[in-house]
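The following pair of complexes shares a single chain, subunit A, combined with subunit B in the former and subunit C in the latter.
So, the complex of A and B:
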């Protein structure tokens, strides 16, 4: 165990927050143990399940594989920051409506991975969706409804982009 | 067959009540719980399957900054127990200890270390020096059953390693043989499979005062876990509380105690709450679906009537009994065909392989695998259609499964098969079967059944429904929602019974402190067993409301009609449920309305499913690819159509993994597990899944709440044999073992529009 501490600053869900972290500490650990954000889940801590997915400077990453020190100064988006119960993100709404949530343990990571995809590519093909999501494991749903939910959300996101439904809060 | 019912809330698609919590990251799972002053524990585990511990040295571990303490085998209760979350039964031999000096399988618990952080606890656990004498492990059933093998649990099986030998039969073997014009037989082997819930096994135990224990854990069976824990610790059940937070999947893996006992004892020792969570590697070797080794013979007459079903069914238990004999017993009760001569010889066998436990399908999966493959070969040998051959032998309403005592109460299997055929025709119309020099495509099918609740009728559930003055209700049930959606479903049943909106039901579930007893979430019980108790509790509540109104209006006639109350007498009134509630609560003759229901399984209705699989074989590569999977089920009235579809889709995915590549066992040469992470223990990813189609047929079971039967386990049972049957037709190869990656290259499933 190293005692060496570093100070890092994250732009976390839009807020600037500083943390004292250890050298080998992961971003997932900082989020869960220091920032009090337990939405990102630990399903392996090895970069294999995607349950810990967050968005780092616009890219979906497995936060268990990112050293906290390397995230210093960067933007971090987590599931807690993308919508509220009154104004859920279209992906959150679609996951609920499509029944894409069973035990829900994979859900935050799934939604964040899908959000990174839609932010970059509002009109993904099914193949692009399946490839982008293949690092996120789900043991409950068989993925059918997750795929449907992402397609449903993509339509909503695209219609926002085209200004059809006005601005999202 | 289906009863005409005008349902308002059941038989609809209803998103889970806790969806927003889960979609927003606010849902609290065990490892999200932070208690003040909480410490972390890690286990010291045996690297050997079968060894003796000679010495344990903690001096290096003690030097780790943050080290808090260590728990050694001599410090914990020594009595044997059985960790399985079943009600007590003579079949559940006690042969496991909290910590052991005689590890019998890789991963056995030797000691436990606590520290201020999880990382420090793991570091300290790694530094505990344990000296072992390594012994020769028996990893296979045949090694363990060899007459020269030493007994692994001498206090249970003195001379052999057979935990229990179960014989079930009807008819006469010789008659069955004589009446059969054709008898096919084979030896079928299925591999151990791991549940791979995405949430890791975890518990937080607070036993700081040494008197009252609170456990938050990944649990399917809180009441059984409380009972076993109280027995181990010599406590009263009232002093032990199991409270289930959100659980990230179970599939049977959490139908048992895992390490809550160690964490509790550690909490007592250091006087602080303790979090003990597994790594993925620990999870992978903690428990598996039993590997099986099955001899099976099926005989039929020329006209296709089954005459003989004769099996020797062996399950690899690993070194602890846990569930094994009940898994064997459950397997014996799943023969959905009429066979006059039925012989089931079931063996639960100790080995030093990974401990077998409960897994979705519970014995049904293993026996149905060989059965449905042999049924396919028989149909072919008899020159009959595989669907019609199965249907003509299928048990009908009013008839019993072989060796069963309760007749089948509803049966939509034929509609399931016809619906599958209709979907199949649509698929083939769009993309006809390919058969050229490189690729051959083919369909394979399988039938399956299950029970609704444990097949030995162990199921028991209480429910309490308390009426609030605004006509909302608090519903209390002991059943554990582990992601399958039972809380939503029980709430729907209550809302439908009471004629109130779903949003007026607030459910509390699976907390031994506040909710009534429930056998547990296993055996696909919750719709049927718990659902019936909820229906009874609601009926009780309505009866009490009516009685109270009669009290309030003594000179009038009071009748309930479609959830409102008509009062005729000195005054003529019609009160809505809400008005009646308010009247009852605040009238001078008011009362507190509490409905209670208890349901003891009087029946175990069988749900049925049919699965069709389209696969292709690449001749030059010896490779296979799954294209389409259809599964249609008769689950009685689907309480929540969205959840039932989700169960079918998820069950298909687990069946795909089982059939193609999942395997978790100790390699006999390396004596290590074959996989220690999810890269090597591969479960299907989104891109691996073929196109799936699921549906439910119109059906109604007279014993189910609103006509419902179960779905959870059923969903996964027919998938592997249907896949194998498709592959056998496509490849022309006879197959009798899993996973198929042993024989074929597995090509990623590609959806047709992308091909």
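So, the complex of A and C:
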């Protein structure tokens, strides 16, 4: 590859950010090394483990296999953008409540894949959850508790959507 | 270059066209490829659209695999294409990978889909600029396997691809495109075909035809197929069976299809025929999780599509 440079602009967690990137640079590299958002993890770096999952224009993608250039002008959501320590996203809370985290390395990718699912399908079946999470590997927790956490979060998200709990901050 | 129009795409001098980029990215990271002029084409409107028109399904090469897998029109009339698109890789990959990129994907081999460090202890193979196939050292060509799932389905429906090559735009059978691509793809990337795929078309199947796709992999998502099949039968045109992940290009099983035409033939006879035909046509090599001997045992997995003979499946 050549060392061509490009200027790209992302709508990153709601904020417009511009970056100077190299032609072959990955979106993951931009997020971690240029934007300082280290939530998305570099696992296999080949698109197999899902640890680098972020949401690009509403869809879960492996950011290690997305050319940063091709993300120009698009919306990117990372784990840093969906909740905070004081106000975690229902998925973050459910993962903690269900004990769906051990080492935590896969967790940001798991949560972003799950969020992409719940954003388009607030009432997924177990099979739909398994299908949506099939691109994410966990080597310590196993998958039962992760499934449970997503089911718990789905109930909370659905109750927000139905206005039972009021708006989340 | 992030192209927005066909004119921009065609301006590149030594282009490597990138759809979603999920196939080429690991190869670039591992220095298996060293492409110089990346042209990102997935934003170009000419490469988009899924529609039925004048007796054909038209499928833009820039359409994402996920969108194809859930498209009602494709699911209803060309189910093998939707099933193959939905069976490819993981949800994250399907969300960004394009059908054009899937057809023009690189072949794979345990000897070059490795890091540069891993490969440094071996001679260069055809794919990495050398003069030997490390799988079959006396082979005059690269023997890596072509693993596309969607290709098997497109070949089932005798699809064509609209391509631009050297400024000329023309329709070619997908089987022919893959054969040429696969041959060039077994060489270093400077030798690859400078072909841009714009869209695909497949004729509308006749009334009463049934078709489907089956994939077997170690893990249902993530892994490439160990074998895949697509089968059609029951309509006014001849039955057809295609198998993939068994050779440098998908293979058409003509004898098996001929036997499918015989409603008196037992499933066991069809499977025996399939097995015999694949033993002649397949070119198994050492793969990451299966030996050639074990792979031959998968030739019977056409059985998963045989319920289509009776309108099931």
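Definition applied: the second predicted complex is superposed on the first by the 168 of 169 C-alpha atoms of A that agree within 3 Å, B and C clash if a C-alpha of one lies under 4 Å from a C-alpha of the other, contacts with A are read in each partner's own complex, and residues count from 1 in each chain.
In this text, a residue touches a chain if its C-beta (ideal position, glycine included) is under 8 Å from a C-beta of that chain, and two chains touch if they have at least 3 such contacts.
Remember, it's a predicted structure, so these values are computed and weren't measured experimentally.
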Touching partner for A:72 - first (subunit B), second (subunit C), both, neither: second
Which of subunit B and subunit C A:102 touches, first, second, both or neither: first
Subunit B versus subunit C as contact partner of A:156, first or second or both or neither: neither
Partner chain(s) touched by A:113 [first = subunit B, second = subunit C, both, neither]: second
Touching partner for A:30 - first (subunit B), second (subunit C), both, neither: neither
Contacts of A:39 with subunit B and subunit C, given as first, second, both or neither: first
First (subunit B), second (subunit C), both or neither touched by A:143: first
Which superposed partner A:10 touches (first subunit B, second subunit C, both, neither): neither
Partner, of subunit C and subunit B, that touches more residues belonging to subunit A: B
Where subunit A meets both subunit C and subunit B, residue numbers: 1, 45-46, 48, 131, 134-135, 137
Residue ranges of subunit C touching subunit A (in the complex, touch as defined): 2, 18, 20-22, 25-26, 28-29, 34-38, 40, 42-43, 66, 89-93, 95-96, 220-222
List of subunit A residues in touch with subunit B within their complex: 1, 3, 32, 37-46, 48-49, 51, 78-80, 83-85, 88, 92, 95-97, 99, 101-108, 111, 125-127, 129-131, 133-147
Residues on subunit B engaged by subunit A in the complex (per definition of touch): 13, 15-16, 18-29, 31-32, 64-66, 119-120, 123, 195-200, 246-249, 251, 279-280, 482-485, 642-643, 645-646, 649-654, 677-679, 683-687, 689, 692, 694, 751, 753-754
Contact set on subunit A toward subunit C in their complex: 1-2, 6, 23-24, 26, 45-48, 50, 53, 56, 59-62, 64-67, 69-70, 72, 113, 131-132, 134-135, 137
